[in-house]
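Order of writing sets the chain letters: A, B and C. Residues in each chain are counted from 1.
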Amino acid sequence: MRVALFVTCVNDVLYPRTGIAVVRLLERLGVDVDFPAGQTCCGQPQYNTGYRHETEPLLRRTAEAFAGHEYVVTPSGSCAAMIREHYPRIGRKAEREGRGSGLADAARSLAPRVHELTEFLVDVLGVTDVGAYFPHTVTYHPSCHGLRGLGLGDRPRRLLAAVRGLRLVELPGAEECCGFGGTFAVKNPDVSTAMGTDKIASAAATGAEVLCGADNSCLAHLDGLLRRADVAPGTPHRPVPRPAPRTLHLAEILAATEEEGPLP
Amino acid sequence: MTGGTYLGMPAFPVAAREAVRDGVLRANLRRATHTIRDRRARAVAELADWDRLRAAGAAVKDHTLRHLDRYLLQLEEAVNAAGGTVHWAVDADEANRIVTEIVRATGEREVVKVKSMATQEIGLNEALEAAGIAAYETDLAELIVQLGHDRPSHILVPAIHRNRAEIRDIFRAEMGRWGRPAPDPLGDDPRELAEAARLHLREKFLHAKVAVSGANFMVAETGTMVVFESEGNGRMCLTLPETLISVVGIEKVVPTFRDLEIFLQTLPRSSTAERMNPYTTMWTGLGPSRGADGDGPSAFHLVLLDNGRTDTLADETGRQALRCIRCSACLNVCPVYERAGGHAYGSVYPGPIGAVLSPQLRGTDSDIDASLPFASTLCGACYEVCPVAIDIPEILVHLRERVAQGGPATRDGIRVRIRPAHGHAAERAAMRAARLLLDRPGALRAGERLLARARRLAPRRLPGPGRAWTDTRELPPVPAESFRDWWTRERGTGR
Amino acid sequence: MTSKDRILARIRRAVPQPPPGPDAPVAPQIPRDYLRVHGARTPRERVDLLAANLTEYRALVHRTDEDGLPLLLARLLAERGSRTVLVPPGLPPYWLSAADQTRVHDREASTPQELDRVDSVVTGCALAVAETGTVVLDGAPDQGRRRITLIPDHHVCVIRVPDQVVDSVPQALEGLDPARTLTWISGPSATSDIELDRVEGVHGPRTLEVVLVGAQ
């Protein structure tokens, strides 16, 4: 089987390890991975901030980059939700505005071929035990777009539960948003920080060594808070028990094996 | 005894900052929203057909909105036939004028009120006060808000921001000024506080000649009005006074009596998390005796309120907000509401539904209304619990576009083109620049390499708008190599 | 142009009108595939569920048969310490045949203040809904005017079981006449306005006693 990796812009620029982990994991499972070089960003930041017209060229580009690929796999629930849920919506709006069916056609063609990583593993490949080894205590934060947008359900937790050596501890209030929310993080920094601080406090209280997620943008926010000891003066926050967990993308855990160890 | 005004409210992020730093408020909200959240989930889980009830509720509302003119005319005819009088109000001023004139004609100087979002929306209490008429709120939470010279912060529980000790202090200090004083001594047990409210309001109910209410539903085919409540203050107001005035948004109509079978199941479970709220009253005009048996009012006036609803109806994406049955489930699950509190939304409609209703009913001209569509992480918890399936995140994104890019809208019945907000000019330029970069993979790769070379120079604190991130968060470390370069190095060029 | 005309015109501009014109019949496309009843119950189970749900929301539930009803009502009024009891015009006289409280007959001229001095009220009902623990009053002669079940602090409501008990809300609406004024009562009045903590008993009767009358 061949798949095209949609690594996403955030992972390309800031978290290449996640992309490398996906490649290593999929190849270990016997899947051939392509990386279409025309891909950049799905346009979610623009769209969710109210710049639909700036999103359209990125929709077109993304659709072109993955034309002809039967399976497109991405390690981001929110980028997958953007393509599956919002691309068709953007297409319909352009149609209604009398700008032809080009965008709508592109969106309709791409949307059903895009799979979030855990969906691809569980639903398409039909595996939950991917042969990983990760001897640590892990708690999992399901990001909102994966949880409610895509309906990933317990797929990520089932994958984690099958990892050898891994002890999975439930995160209290797991379904609650971490407060990242794209540009929300800078447009409403106080509320964003308050939400994130509550989230990392919950994670730390579990005693887990690793706070795992499947969306690196949410993890960037939580990691940024965890690494900043001096939370802004005047912002009430629950003290984070030490040692605090470190954040890690799910793909990096699933890619780790006993023979090869974690990623370098 | 006026409530605060919403004019000149600061933008959401500024108002929210105060709330986030108020530890007592944060604790009050957290306790209350988490309690009701879990209870709602249990009440909803009892019904195996919840999703079907939800879909049917949305369909009834959508169907009604599509034929709203017909159903309002049918309603008017049925209410008239049952001895009521129907008035139509284009905006808040007209509705306030109508109510004031009806009250004046009775010669009364006092009215008792059942909690009503519509009358709060139009500022009826203030308008009546200006006309020398005192309006007494009789819902316990509304009483707390009114006595505390405060503003409501929640649709169902307007005093959710107050804890029991604060409420006791308000009762002690204020009750005596408006009627029967609070018992002395007064503790802060909710039972004791409810008893104080019972005693304080009893004399008002027994003497009142005029009552003002809203309604949760109006049935077009029969002219039946429906009010859901818990405390019995609604029954008091709807039964004892001689004149009853109901101010109701035009979107509250449903076609048939049978349609209530959906909402009688979904509203209480979504709202108070009960199988059924303690009291629901359904009345049709002056009732079967036409008011002759002295049970219920001898005059009933229904004021149908537009006040921005038809403008909202004209928007294909935004009109689903008119399905709202004001249950407040979306507030109770919203992580932003939980931390920012209701006042930050600058409207009688707080929380996620407020963030999509206020900028549609009032327009996006003011700072607060232009900031509301951005007061969400788009986490989708509100949509998930909404009993009429309003896709609030979809409307939020749609309204963000109206603010950031501009676009068509309807104001006061006229189609207009909203210009992009001035405050978003820098952001607009940045988004465009980012898009231009992202639309050229070669440029992106060059940018990534530049960033990687400068990675050791990365500052801990950014200037300008970036400060909003780095004030509380470290920046992600920049890797030595992008994924794109890793792939090229390892696997050759992309296909 | 009146405000009514203006609002209707705005509505017609806002939503595209269906082709046949405004007078054509409207056929609602409402998916009504939700359940009429949540689960199958025998009459006995239906009554038990009603009792359980009423009890959960702090109504006091009692059971008796026709013969035992007068004595039970007399006992409930006596235990409450009531000296006066309001009587709707059509209440079967034998219900209160064993009670020695002073009967107060509701008259049109009764003022709210007069009603406020009465200790208890005894009524029948139109029907009861098992799934929600609800009693519905429709102002029939055995229930009287709305105000008599509102102002006294103690309401005793008699339900004939299983005849007057339906399973569900949809079944209840089928059996009710919207032209009558309807009061749906699910437990005593309550509020959650203080810290979302439920407190029973605010303005309506603070004690609701329900008597289920039928073959035991």
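Here is the rule we use: a contact is a pair of C-beta atoms (placed from the backbone, for glycine too) under 8 Å apart; a residue touches a chain by one contact, two chains touch by 3 or more.
Keep in mind the model is a prediction, meaning the values are calculated, not measured.
J.: Strictly by the touch rule at the top, which chains does chain B share as contacts with chain C?
T.: Looking at chain C and chain B together, no chain touches each of them.
J.: What chain is most central when centres are computed from CA atoms?
T.: Given all protein C-alpha atoms shown, the central chain works out to be B.
J.: When the C-alpha atoms of chain B and chain C are each averaged to a single point, how far apart are the two points in Å?
T.: 29
J.: Could you work out how far the Cα centre of chain A sits from that of chain C, in whole Å?
T.: Measuring from centre to centre gives 52 Å for this pair.
J.: Taking each chain's centre as its mean C-alpha position, how far apart are chain A and chain B in Å?
T.: 32
J.: Can you name the residues of chain C that touch chain B in the complex?
T.: 2-4, 6-15, 18, 22, 26, 28-35, 38, 53, 57, 108-109, 112-113, 116, 129, 131-134, 139, 145-147, 150-151, 169-170, 173-174, 178-197, 199, 201-205
J.: Residues of chain A touching chain B in their complex?
T.: Interface residues on chain A, with respect to chain B: 7, 9, 11-17, 19-20, 23, 34-41, 43, 45-55, 57-58, 61, 86, 89, 96, 144-145, 148-149, 175-177, 179-196, 220-221, 223-225, 227-228, 231-232, 234-236.
J.: Can you list the residues on chain B that touch chain A in the complex?
T.: Against chain A, the touching part of chain B is residues 12-13, 16-17, 20-21, 23, 26, 316, 335-336, 339-340, 373-381, 383-384, 394, 397, 399-405, 424, 427-428, 431-432, 434-435, 438-441, 444, 448, 451, 465-466, 468-469, 471-476, 478-479, 481-484, 486-487, 491, 493-495.
J.: For the complex, which residues does chain B have touching chain C?
T.: Residues of chain B touching chain C: 28, 31-32, 35-36, 46-49, 52-53, 55-56, 59-60, 63, 65-70, 72-73, 82, 88-90, 94, 138-141, 144, 157-160, 163-164, 167, 190-191, 193-194, 197-198, 201-202, 205-206, 219, 222, 224, 230-233, 235-236, 239-240, 250, 255, 257-262, 264-265, 268, 272, 274-284, 287-288, 293-296, 304, 306, 310-311, 313-314, 319, 410, 413.
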